[in-house]
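Please read the structure below before turning to the comments.
In this document, chain identifiers A, B, C and D correspond to the written order of the chains, with residue numbering beginning at 1 in each.
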Amino acid sequence: MNKKIQKVLVANRGEIALRILRACRELGLSSVAVYSDADRASLHVGYADEAYRLGPSAATESYLRTDRILEIARQSGADAIHPGYGFLSENAEFAAACEQAGVRFIGPSSSAMRMLGSKTKARQTADAADLPRVPGSTQALGSLAEAKRVALDVGYPVMLKAAAGGGGKGMRAVASESELAGALENATSEAERAFGSGEVYIEKLIQQPRHIEIQLLADHHGNCVYLGERECSVQRRHQKVVEEAPSAAVDEALRRRMGSAAVRLAQAAGYTNAGTAEFLVDAERNFYFLEMNTRLQVEHPVTELVTGLDLVHLQIQIAQGDPLPFTQQDVVLRGHAIECRIYAEDPENGFMPSPGKITRLLQASGPGIREDCGIYEGWTVPLDYDPILSKLIAYAPTRALAIERMLRALQEYHVGGIATNVNLFRRILSDRGFRSAEIDTGYLERLLAESSTSTLESGAVRDNDAENAATIAAAIFEQSQIAAETKENGNAAPANAWKATGRREGMRL
Amino acid sequence: MKYKIDIDGRTREIELIRNSENTRWRVMLDGREIEADAVRVQRDVLSLLIDGRSYTALPDPRGDETAVVLGARRIPYTIADPRSLRSRSRTGAAQTGTRLVKAPMPGRIIRVLVHPGESVAAHQGLLVMEAMKMQNELKSPSSGTVTRIAVQPGDTVQPAQVLVTIE
Amino acid sequence: MNKKIQKVLVANRGEIALRILRACRELGLSSVAVYSDADRASLHVGYADEAYRLGPSAATESYLRTDRILEIARQSGADAIHPGYGFLSENAEFAAACEQAGVRFIGPSSSAMRMLGSKTKARQTADAADLPRVPGSTQALGSLAEAKRVALDVGYPVMLKAAAGGGGKGMRAVASESELAGALENATSEAERAFGSGEVYIEKLIQQPRHIEIQLLADHHGNCVYLGERECSVQRRHQKVVEEAPSAAVDEALRRRMGSAAVRLAQAAGYTNAGTAEFLVDAERNFYFLEMNTRLQVEHPVTELVTGLDLVHLQIQIAQGDPLPFTQQDVVLRGHAIECRIYAEDPENGFMPSPGKITRLLQASGPGIREDCGIYEGWTVPLDYDPILSKLIAYAPTRALAIERMLRALQEYHVGGIATNVNLFRRILSDRGFRSAEIDTGYLERLLAESSTSTLESGAVRDNDAENAATIAAAIFEQSQIAAETKENGNAAPANAWKATGRREGMRL
Amino acid sequence: MKYKIDIDGRTREIELIRNSENTRWRVMLDGREIEADAVRVQRDVLSLLIDGRSYTALPDPRGDETAVVLGARRIPYTIADPRSLRSRSRTGAAQTGTRLVKAPMPGRIIRVLVHPGESVAAHQGLLVMEAMKMQNELKSPSSGTVTRIAVQPGDTVQPAQVLVTIE
């Protein structure tokens, strides 16, 4: 355990692969990227010291190919594998295979993962560690009849959840028994497809809860600390959309109670590395354990910004057997951080994914802005993976300023050629309910159900000057366009044609 | 150059006149004269100064659609002037009583929720398609009757492929 | 004083104008930019709500035109002016003119500025407030004879310094009396040209001192706090090149002593707003007051990162009469920040400025990286102003990690078309002396005097694989180039030609 | 296509052969065969994979000079192959005993430090020029005698304007 890690294989893609590769560079470690055919031109391939092809684009033929990844680790001499999030990150068989192959898995041991990775197992472990949890089954449902019995027992409404779940897949709310059969079928088939396991269990549905999670770090020397909470209540279809740290609903006493509960759970499972305990918190500030994510989270940057720590550095240090370089008392939260997950999807069109070529990319920067990004101008968003493009994160001394800063950054941000959810964030961050932190897991669905005419998009007072400016800009673009098409036989792309014409017509460069 | 531009729910008439080789333009907009100072920055970004107010605009074509991004807003527009080549290519495609529900992107059909001959309401779910790891329901664009279902569960579909016909 | 500021005119350009405009947007304030002819296409013009032309490119005909700026403030209804750094920021007459015009100057009062802005006056104020200072004159030198007398008095070596100085201009080290006449003439003429005042004074030259400064904030309610120190010893020709916070040479006791001295000085002068007291610190950790900068500093971001505060927000709040929202005890330093000032200059060619068109710009981002930038790809660096392009700032839990993170970011950073000092930062941050924090104000000149063959540039072991890769890349670029020139009659620019050819030859996009 | 490339102090012979319509190239470099996988990313950035090692390269022309940026290094190169158009235009300009000191950028002459007929050492300061608010000393490229000074203090000079002649 005490030999230092020298070379890390990053078994992932997109922004998280790049984020881990950056950490490797900062720690002076060699790095190995792997890629599918769809990702040959992706940023993580060029960022690593070495890169090897996994296979065709489909995840099952590339990023989920345990055998290929271990083979590449062996051939390249990588002595550690960072799984990122998604893909193999919560796959205990993969962790076990790494252990057998003598390659460090940068995550918990396969045994700790087995105790916590499956949601049903985690609920059993939580019971043993005396954590409050949502009433419901701790076993996968064997039949519709069993589902009906458990649901009646805890009382409707209930939630169906995939035992292997994550990212909101395989989840269904069920209001009454008449919906149960259909929901169970849907949840099972979705879980089967997403995780290769159709195991589903039942939980009581907590009314208007907040989704709040505790970030943990545990080393191999028995030290386990919590790094405060993240507020993840802004969700759509159980997928997080906006995350923040700290939560407006958590005071120091509640933080300590939730943090201690999470530490108890991790220690009961012999957990090491970074992990996240998810809780529901009701209006009376009761908290209920939901599940444990035995990996780095998408939203880890908000914790990094308020604690000043680097979770990926710490994951690597823990994996090579270093003790945590601080204790619980050293962890001090300061300021407020908000993350927006920028996706290639069209909120105006049922959140349909929008793969395709990013023809233009203007990015935000300046004070308090961090971007963890896996895209570039000219890159084509592939069809084969989750459509996350980038994470924009704002930090400021207060929540109110962090919101204004994020709005400022969103104003600077532009993705051309494909639809994104950037305008949705403008709407959320401008909404009175969000700004007063009156959010629960149903908040976003309610906001989306409101007529969009009440938002800043079209509800603003008509600004004649701005309309004139837009019209003049359109005419200038068009004039250059037509001139280009006429004089150059229409071969140039609009932007280039406009550029060329601009130059010809003496517009200052 | 004179244009008619349909933008933001209005049809505007606009004429651009360069003053000279500098950055200033004289603009006739719906009969009113406006002085605009226009400079290209960052490749395709236009900086416009009008009466001291500063605007940053960039073209944002997406598929067939032309649009201007101005600040936080994306404003689609069409050129009504007959000299515009693009406006001509976008004519046709008149609306009839038949609605074709097409695949918006490549994906796989998971479930079909209606059957031929069934009456559907506007926004009623027709089928479930999986694309980019997400299942999405495709909804009916209007009320009517399902006259044809061109796919079945398990089919892989391509963008713009017709899936369901509603009359 | 209690009426809130509504609209801020930013009387500056470049990265600092953009940084202030961003703050205005975050605080919900309207903003007014001003620009010279050289800056019509600069980012700050498009970022503001309003923008007005000042005049021709020369600073004396634009950014130094007090009358034009006040006229634009009046016409646009701006009720406050932020001067940034440089230009009019330390001009007490301008501050007084703002006061008379009823426009808030976001900085100290003209009277406080007069007591501290001139270096000779500041030295008198410092004596009155009982600050340790470097021995020398507190008056401008009237003649060469007086200069000789003072220099003999304090003992050679001495420093000549411009009373109105800043940015290292009008400064000369003098080792012996024989050099005094020439140095005095040079310093006087440079000061005259740079500041419109040829006043020069003499200080004893402290041997191998560190340059360490204290950031202050003082409100109109008598509150004055220090926000820790910045280490600014990495200088060339008295211009800061790399800055950090905190300083490896300052412990908590020294920080408190220096901070208290700086607060004493500010209070003696009735100082309000952000300000910086500069000190020299010798090997025995004695500190000597040097001068007070009555404005925002270029390097303010490193303080923002370690304190979690936003100095421009606070400047504006102070200017509108708000009390400071925290006390000295609330100020806690956390982690370490380093700033690299990226300049259009060529370190391999005597640091000659390199104005011109930026043909390519790849920027750094990700964890712990902030960029305060005023440039874009396609922008032309004008001849008329200081050649600062951007400030790259890295934050990490420790100094060692901040250095590695900055090196990682510099690796991601690329400016094409003009020479920059990016590689110089790689050299400094890789240097053993810098890494062990053995730096003083002579450090960089010594490093530059070393043969560059000892650096990572050419001193690394020959890497045959990398050389092969470079050669193959050159051949691929060239093949596309020639193909383009042959088939397309050579009209396309190299990069575009390569692109076009790449596409034609089936290189994956 | 075959090239001779002067790069990093060596002259290399290289031949590029595309394997097919995919991203792989066969390269003969100084007689040794190398497999390279090359893909364009980010407009003009080249991602190269050779034996598993990953390199990112981009062209970085500056004035007349061609160069490759590879990681942290900028490596100038010249093409020695006669088919290269650019290499031909860079011939000539042979070194003689006369050295011309030119203005590297626009600026103003502040002081002249030498006089005609004076002997100067290599790196000795010849004049002080102000550009972009900075005063810089222009130094002699070699030892010799100042034969001509073409400017005086206060003169505004343009890039490449001859300031001093040394023989």
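What we mean here is this: a residue touches a chain if its C-beta (ideal position, glycine included) is under 8 Å from a C-beta of that chain, and two chains touch if they have at least 3 such contacts.
None of these values were measured; they are calculated from a predicted model.
Asker: Could you work out how far the Cα centre of chain B sits from that of chain D, in whole Å?
Answerer: From the centre of chain B to the centre of chain D is 48 Å.
Asker: Between chain C and chain D, what is the gap in Å from one C-alpha centre to the other?
Answerer: Chain centres of chain C and chain D, defined by C-alpha means, are spaced 30 Å apart.
Asker: Can you give the whole-Å distance between the Cα centres of chain A and chain C?
Answerer: Roughly 37 Å, centre to centre.
Asker: Mind pulling the residue numbers of chain D that touch at least two other chains?
Answerer: 23, 39-40, 42-43, 45, 53, 55 - these are the residues of chain D that touch more than one other chain.
Asker: Could you say which residues in chain A touch two or more other chains, in rising order?
Answerer: 40-41, 378, 411, 508-509, in rising order.
Asker: Based on the touch definition given at the start, go ahead and assign the chain network to line, ring, star, complete or other.
Answerer: The chain contacts form none of line, ring, star or complete graph.
Asker: What pairs of chains are touching here?
Answerer: Touching chain pairs, listed by label, are A-B, A-C, A-D, B-C, C-D.
Asker: Contact residues on chain A for chain D in the complex?
Answerer: The touching residues are 33, 40-43, 45-52, 76, 376-379.
Asker: Within their complex, state which residues of chain C touch chain D.
Answerer: It comes out as residues 169, 189-190, 193-194, 344, 349-355, 359-360, 362, 383-387, 410-411, 414, 416-419, 423, 426, 456-457, 465-479, 481-482, 485, 490, 494-495, 498-499, 502, 505-509.
Asker: Please output the residues of chain B touching chain A within their complex, sorted ascending.
Answerer: Residue positions touching the partner: 1, 3, 5, 7-8, 10, 12, 14, 16, 18, 21-23, 25, 27, 29, 34, 36, 38-40, 42-46, 48, 50-51, 53, 55, 57-62, 66, 68-75, 77, 79, 83-86, 104-107, 110, 130-137, 139.
Asker: In the complex of these two chains, what residues of chain B are touching chain C?
Answerer: 23, 37, 39-43, 45, 47, 49, 52-56
Asker: Which of the residues in chain C end up touching chain A in this complex?
Answerer: So the residues of chain C touching chain A come out as 18-19, 22-23, 25-28, 40-41, 301, 304, 308-310, 312-313, 332, 334-335, 357, 363, 365-373, 378, 380, 395-397, 401, 404-405, 408, 411, 508-509.
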